[in-house]
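All remarks here apply to the structure that follows.
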Amino acid sequence: MIIVTRKNITNEDRARIEKRLTDLGFKLHTIVGVERLVIGAVGDKRLIDIHALESLPGVEQVVPILQPYKLASRDGKPEGTRVKVGKVEIGGDQLTIMAGPCAVENREQLMQAATGIAAAGAHILRGGAYKPRTSPYAFQGLQEEGLAILAEARAATGLPIITEVLNLPELETVAATADILQIGARNMQNFGLLRAVGQLRQPVLLKRGMSATVEEWLMSAEYILSEGNGQVILCERGIRTFETATRNTLDLSAVALAKTLTHLPVVVDPSHGTGKRALVAPMAKAAVIAGADGLILEVHPCPSEALSDGEQSLDLPEFTALMHDLKAVAELAGKRI
Amino acid sequence: MIIVTRKNITNEDRARIEKRLTDLGFKLHTIVGVERLVIGAVGDKRLIDIHALESLPGVEQVVPILQPYKLASRDGKPEGTRVKVGKVEIGGDQLTIMAGPCAVENREQLMQAATGIAAAGAHILRGGAYKPRTSPYAFQGLQEEGLAILAEARAATGLPIITEVLNLPELETVAATADILQIGARNMQNFGLLRAVGQLRQPVLLKRGMSATVEEWLMSAEYILSEGNGQVILCERGIRTFETATRNTLDLSAVALAKTLTHLPVVVDPSHGTGKRALVAPMAKAAVIAGADGLILEVHPCPSEALSDGEQSLDLPEFTALMHDLKAVAELAGKRI
Amino acid sequence: MIIVTRKNITNEDRARIEKRLTDLGFKLHTIVGVERLVIGAVGDKRLIDIHALESLPGVEQVVPILQPYKLASRDGKPEGTRVKVGKVEIGGDQLTIMAGPCAVENREQLMQAATGIAAAGAHILRGGAYKPRTSPYAFQGLQEEGLAILAEARAATGLPIITEVLNLPELETVAATADILQIGARNMQNFGLLRAVGQLRQPVLLKRGMSATVEEWLMSAEYILSEGNGQVILCERGIRTFETATRNTLDLSAVALAKTLTHLPVVVDPSHGTGKRALVAPMAKAAVIAGADGLILEVHPCPSEALSDGEQSLDLPEFTALMHDLKAVAELAGKRI
Amino acid sequence: MIIVTRKNITNEDRARIEKRLTDLGFKLHTIVGVERLVIGAVGDKRLIDIHALESLPGVEQVVPILQPYKLASRDGKPEGTRVKVGKVEIGGDQLTIMAGPCAVENREQLMQAATGIAAAGAHILRGGAYKPRTSPYAFQGLQEEGLAILAEARAATGLPIITEVLNLPELETVAATADILQIGARNMQNFGLLRAVGQLRQPVLLKRGMSATVEEWLMSAEYILSEGNGQVILCERGIRTFETATRNTLDLSAVALAKTLTHLPVVVDPSHGTGKRALVAPMAKAAVIAGADGLILEVHPCPSEALSDGEQSLDLPEFTALMHDLKAVAELAGKRI
């Protein structure tokens, strides 16, 4: 860490800063600059909240040198993590396709979606039983009934299930059915939930918050990893910007960047990322080329009847066509589907 | 609601749209425009997720006419809500000052802060016992011990307590001590938590999420109100923008705007909103002039020793000076302190 | 256009609004809603600044139905525009590669870059002679000398030249050398400059402003088109968001979206878009898959010696490798290179 | 400046970095950290584009220590700059009020506005003769005729005039009439225009770009100052964020912050900043409390007839009432009106 002091710092302030740093266990090297001192504080102290040091009188700026995450860092595991779900492996040579409706609406809808995506070659079935909705008056999901329908669809198709857990009290119930637990964008910094899924030994898909930096996203993964659960999959799903023509701004650079910073697999959600059906297929393919290990796609047997997110859902023929196109795209990216 | 169709819509698509809308209970009025149809769908159907209609073939755009919140709307309660906490009333003539450290660190620190702010004339003591932290390695709060210290400070000073509840499992514990429950920015769309505090009969302070629109903020308030708890205080605490010179961008226009849209009291947190001690006092005063019903301020007996947020905390002499200045500011805003 | 009135509008306000609209030549259809009137104003009046109507007493919201651009709209030219520059055609079957250094620094640097990129198969040479720099103290470009060097490189390699015009006074000079005039992101709404290049009959590459919506970008193209110059190429180069890990957020959804909204070719600049050399190649390939008609890339014979943007420039071996990889990517996107 | 190297840097890379820095005239102090080297490069070299150093092999991060602006920095002129326009002084004890219509529409409209605002006590008349408009089809201003009307209004009222200059070719014409030249948000990084107004000896009001950081804004002021024109007034007018309920997000923290960073006066435009008439008065007052040296307000004799920005313009009675209220606000901020 580097501490830059204010101009004309007093000897007293300098002494206080230096004492604090040595008390914390750092070895100090001070450079006298033109206007300011630059204090290099040497030592691996990721556990210290270094921004607290900014309030010391005389301190102008604190510059961290080391990344604040350790377990999530690529440095520690250059070969990359592969998350296994039954026969499916995420983060390896296979491009993993997760597909299904935004919400489980009823048995018929989900079974149609499940058998349709299975026939098209998808690897994992997605479907929300507990839905986070901006409005208290909107459909909130079938909850336990939805989980039962998901389990039935798994039995029928053999596809593992990914579904979202919203709240701590229902974690045990959701975990009992889900093969992969999804943490949604709004819960990316729900630290209690992160710790709790960290204590399980089940794969977790962690969506990026809608205004989270890549560093914050990795810090949230660090929460899960630090509890002992190494089976974390990251998911880019678009960030919030000034642009209103798309629902979110899908940040594919973040995917390419995350692949260099962390050993965890990264998948992309072009459905939420764009919010427009016509953009889903091009962005799905672009995501694979940018380095994504998989895709999570909204597919509905009849999007115009969907209770949520119909405007961004593919129907089964569209999904089947996309799966076909993805073969060549995956190959180009050094993967198979 | 208005539905705008695509150019050259087929009769079949038009019929399907019209049937769907009449099935939902709307009365229709269709205007034939130059290139498109405009279908006015009359009826108060806030409970319908109208964006699902965007996926109907032939629909280009759905324009809501009514605000999606009803209980939070100013229309329904033009006189404004006053939230009562002991002798303190938030939303009335008094400018309410909530102050205290970011986190309860130990008994001595909190008692010093509490007696100091009480002496300076603050109305409510703030202090975090459960802390949301970006890093799993940072100080997470004293938790139950912190709550006990807060209760002791209340007993000593007579000041009611506001403290954050992070997770559902600890809600009962926190609610037993807190006079006002704080929902932090990261939890603004933690809908399970919102519903749960909605079932209590205790005041709730709801911080705006760091990338939440004003409408989403009011929708989150609607969650609490719709469960029967009308004692909601909104809190603007800065939004995330491209600007990095301040920790967040304090959005005072949102305060002035919210006062026109809702009957709920609105307070402002200039400490998190700016992240810089030198900006806290000017922005605190500006907030009052913009229409805030109160302020929530970080005050620490020794900011440079703080375990969190020291760089944005006032010390006691600074806070006392600000309280003095706020008298005239409050008066100018038609309030007293 | 649709006008939504405020609740409880007076007859007088209603009459004034209706008179204004009929005076403007609209035919009106009024729908009486639950709380408000919805006035459909029929007529193609793109030339009217409809937001001025929002200030009429009693008006709550004005909703445009037609896109505000006409000449740029895909509707008017579904087959797409192809911009011809010598033997190169942008917007057709060929993926167009523009490459070269951020700035022309000296004769040797540019000739090395030009011959290197030509050998690797690039189609157009880029290089800035006039540089927009945040600091008045930074290198501002070789200006006329730079143009002469570019012309020499063109003579030596046969590659057409794209270079930026910054200011009206130098337009004639720059246009005399350039094959394609580049309008930079900071000038996207420099309307005088847009009109002036619109009066030329030379291709123009229009970069998206760093906080411009897709609609504003197309409106700026409309400025050029409305002066009679139909040879406009759009360029996505990243937008400004809260994320600081990349220089900008490259918005590939905007590329896919723009291709549906306009007939103009769209190219992508992954160098400025990411600001990081390691991300240029993956994002270049992803851009092609998302539908880009071409790429504009910073290539420097020795990036670590570059006077600007070295951190995002490819060296010649990196560029050559990328060109090789792009062959298969272009093919997958239905293009050749 | 501090250079942080990559992990496991080679001796060769280290030597190259050190040579480059000493060649540039820096004195070096290297600290050997846990994983990386930290090289302190001592010397005041603001003129160097230090980010170019990031492309040197082995460099991970370059951290500037000194602010990149020098002439604009508060350090150099702690007493603050006062810009004089006739009898009006901006940046001193007086709160300066600039008011008038967005655009000069005709003689009658402007004379009404001018006499009205003069009677209410405004100090400077604003009005656009050259208008930057998103659409080529929108009203672009009366241009030279507008300037003549402004001059007439000045003669009639004695109020100095502020008006926008859009393009270099019309600078001489605009400067001949204007008392203060306004550079609009879209031109904040039109560096040719900045240099040109820097060569005049006339006050310049520089609006913050809609996605400009405070640092970039000050760098643009530095362009003007570095050409010898010290009469620069900064103007905050709202930034672009994800929030759509207001036209822009008025960033009052930036005002308080800028006052600490620079000696230049700072004024605020709450009309563009909010885009909503009901928010103009509260935000105008809040701006003064936050430290603004003045306000620039849109006032129209009949906002509902305005050719542009009517929805955010005050009428004369509203402006007169605001002027009355501002007296007490100014006093509280240590200013008079």
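Points worth noting:
In this document, chain identifiers A, B, C and D correspond to the written order of the chains, with residue numbering beginning at 1 in each.
Heads up, the rule we're going with is that a contact is a pair of C-beta atoms (placed from the backbone, for glycine too) under 8 Å apart; a residue touches a chain by one contact, two chains touch by 3 or more.
Predicted, not measured: the structure shown is a model, and the values here were computed from it.
Note on chain C versus chain D: their Cα superposition corresponds to a rotation of 180 degrees, in steps of 5. For the touching copies chain A and chain B, the fraction of interface residue numbers used by both exceeds half; the interface is of the same-residue type. Averaged C-alpha coordinates put the centre of chain A at 26 Å from the centre of chain B.
The distance from the centre of chain B to the centre of chain D, with each centre set as the mean of the Cα atoms, comes to 31 Å.
Work out the mean CA point of chain B and of chain C, and you get 39 Å between them. Counting partner chains per residue, chain A has residues 211, 240-242, 244 touching two or more of them. Chain contact summary for the complex, chain B toward chain D: residues 211, 213-215, 239, 241-246, 249-254, 256-257, 260, 273-274, 276, 278-279, 282-283, 285-291, 328-329, 332. In the complex of the two chains, the chain C residues touching chain B come out as 2, 4, 7, 29, 31-36, 38, 40, 42-44, 63, 65-66, 75, 211, 240-242, 244. Looking at the complex, you find that chain D touches chain C at residues 16, 46-47, 49, 51-52, 54-57, 68, 132-139, 166-169, 186-187, 189-193, 195, 210-211, 216, 219, 222-223, 226, 240, 277, 303-304, 306-313.
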